[in-house]
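Please read through the structure below; I'll follow up with questions.
In this document, chain identifiers A, B, C and D correspond to the written order of the chains, with residue numbering beginning at 1 in each.
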Amino acid sequence: MNPPPWTVSHWFNTQAPVTLEGLRGRAVLAVAFQMLCPGCVSQGLPQAQRARATFREDDLVIVGLHTVFEHHEAQGSAAALEAFLHEYRVTFPVGIDAQENGSPVTMRAYGMRGTPTTLLYDRAGQLRLHQFGHVEDMAFGASIVAAMSSEAPLSADGNAITGVCGPDGCE
Amino acid sequence: MNPPPWTVSHWFNTQAPVTLEGLRGRAVLAVAFQMLCPGCVSQGLPQAQRARATFREDDLVIVGLHTVFEHHEAQGSAAALEAFLHEYRVTFPVGIDAQENGSPVTMRAYGMRGTPTTLLYDRAGQLRLHQFGHVEDMAFGASIVAAMSSEAPLSADGNAITGVCGPDGCE
Amino acid sequence: MNPPPWTVSHWFNTQAPVTLEGLRGRAVLAVAFQMLCPGCVSQGLPQAQRARATFREDDLVIVGLHTVFEHHEAQGSAAALEAFLHEYRVTFPVGIDAQENGSPVTMRAYGMRGTPTTLLYDRAGQLRLHQFGHVEDMAFGASIVAAMSSEAPLSADGNAITGVCGPDGCE
Amino acid sequence: MNPPPWTVSHWFNTQAPVTLEGLRGRAVLAVAFQMLCPGCVSQGLPQAQRARATFREDDLVIVGLHTVFEHHEAQGSAAALEAFLHEYRVTFPVGIDAQENGSPVTMRAYGMRGTPTTLLYDRAGQLRLHQFGHVEDMAFGASIVAAMSSEAPLSADGNAITGVCGPDGCE
């Protein structure tokens, strides 16, 4: 069974929309974040940037998903996100998760618990890792290679970090 | 000569406006920041929070000044700042530096080079430290005690950090 | 061509000597270190311990090699190393690289430039990574999985760290 | 009442023995450590080195005391300590706490609980801070200035760190 598609209302850092189907054949890392989520800013996004510096784009595609489920007024506009991406030098494609009835569609489709959430797909498009919170770098590098070779994923238990945001606020 | 007053259009985390004059007799730390300035989020504000946890409020007053000089659309609203302060658990008083002709009044009055900028006043209300960028914690603790005792400040050279924001953007 | 064997005069944390031949079929990580090398203490050994916590022993064997090439009087005795391993809670097998004419045999056989040096062997016993200095965790996790699956190693360039020790002293 | 003198069997990095009496008039920081104590290597000594870089020698004297209470064979010799000080670039004076009946005299005289322990004396030679474990940098800088001005010390509670060594071993 294929994982849900990404439902995106606006893309940054890419000329054409990015779809899971269009990336078949390559491993894909998607990081769901919110620009005012402390754990996303201090850990989730920097880790995605380290991954970008570590692996070749031919081997691993990296995208961000801005899954706003709180503080819509502050972080819900494209202008706010654009300023954020500029200041934090995020250069990989980032899509705004489409809002429907006040909640983000993709986040809901995946049953994400909050932000940051890491999604790792193998070359066949299957979801190999769905992790809320932090993944240690070494285990993460291991999981990425496993996804690139379409082998069974290593278990990479995420550890609690402060600053993750869930339905009951950030902690 | 007294340092310039703070010109604030809106205060958070305080019931009454905070003025330098009203704080005479106590050492005062003011941290000028922008909510989308990486160096403010990773260093300037956490350091102010460490200072809050280290010194008694009777000895050291701590305030933030939101000196927005770029990305006004993204970070210029009170709602955006309020969400930021909530997520980052900033509990000391924070004032929005009043905008005049598109630039922040207090920032200009002090000739600040960018954010984060640290201002440290002694008990007599005199400015003892005006620092753009990072101050090491140990030198900072030393400067604060010097300000609390109204003695000559130690020289505390700030070190370059990545993520500080100036007129030419963030670096 | 097989890599050189380890020439060890004394083993800790193992009842029987450990040999590369005896480990054929499993990926192997060997960390060459000196107990008074700052970069080994702050980075090389903690990384090996993180690897031990990340991968199963069935998948990855980890050993330390104490390759003393300086300060023999201070760090050359088994008693000194034993105290060090106890205090730093190193629980994987560690062998003392045998001295010959005042220099460590295994270190010379591999042409190591100093400490820490990371050696990573695949399941077939071939050397896949020989790295002086630091390897970033994410790239390291990737290399380990590549070694476990006997695929081509990712290039994992080590970055300069302070505290590495070479023939001209530590820097 | 004056604090106990330092009883030292051998000094490094100084041509003449250093005594508390001879330092009257200047604030003094003494760091008690063991070369194989992880918390000393990762925190206590680096903090003393940061203090050395932050304060002038005229204002603050810094010395180390090698208080060996375990692993005498491994860390009890002057040669071992000399190699350690060289590799870790400790340039301030360090004295070996004299052994008597297998335990260090100065450590016992002060009733130290283990290593690292920080002793801070004011200009009058009085002990203002006696801290086992870690002191946060900001509070430490504050305490140092208080000692330099012979005022009442701020309370600077040390926080538990891993790697401190006490009578029951390191933890």
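Basically, contacts are C-beta pairs under 8 Å (C-beta built on N, C-alpha and C of every residue); 3 or more make two chains touch, one makes a residue touch a chain.
Small disclaimer: the values here were computed from a predicted structure and weren't measured.
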| item | value |
| --- | --- |
| Common touching chains of chain D and chain B | none |
| Maximum centroid distance from chain C, chain identifier (CA atoms) | B |
| Centre-of-Cα separation between chain C and chain A, whole angstrom | 35 |
| Separation of mean Cα positions, chain D and chain A [Å, integer] | 48 |
| Length of the line joining the C-alpha centres of chain A and chain B, rounded to whole Å | 33 |
| Topology of the chain contact graph, where touching chains are joined (line, ring, star, complete, other) | ring |
| Chain B - residues contacting chain D, complex | 47, 50-51, 54-55, 136-146, 149, 151, 154 |
| Chain C partner contacts - residues on chain D that touch it in the complex | 36-38, 41-42, 71, 73-75, 77, 79-80, 82-84, 86-88, 165, 170 |
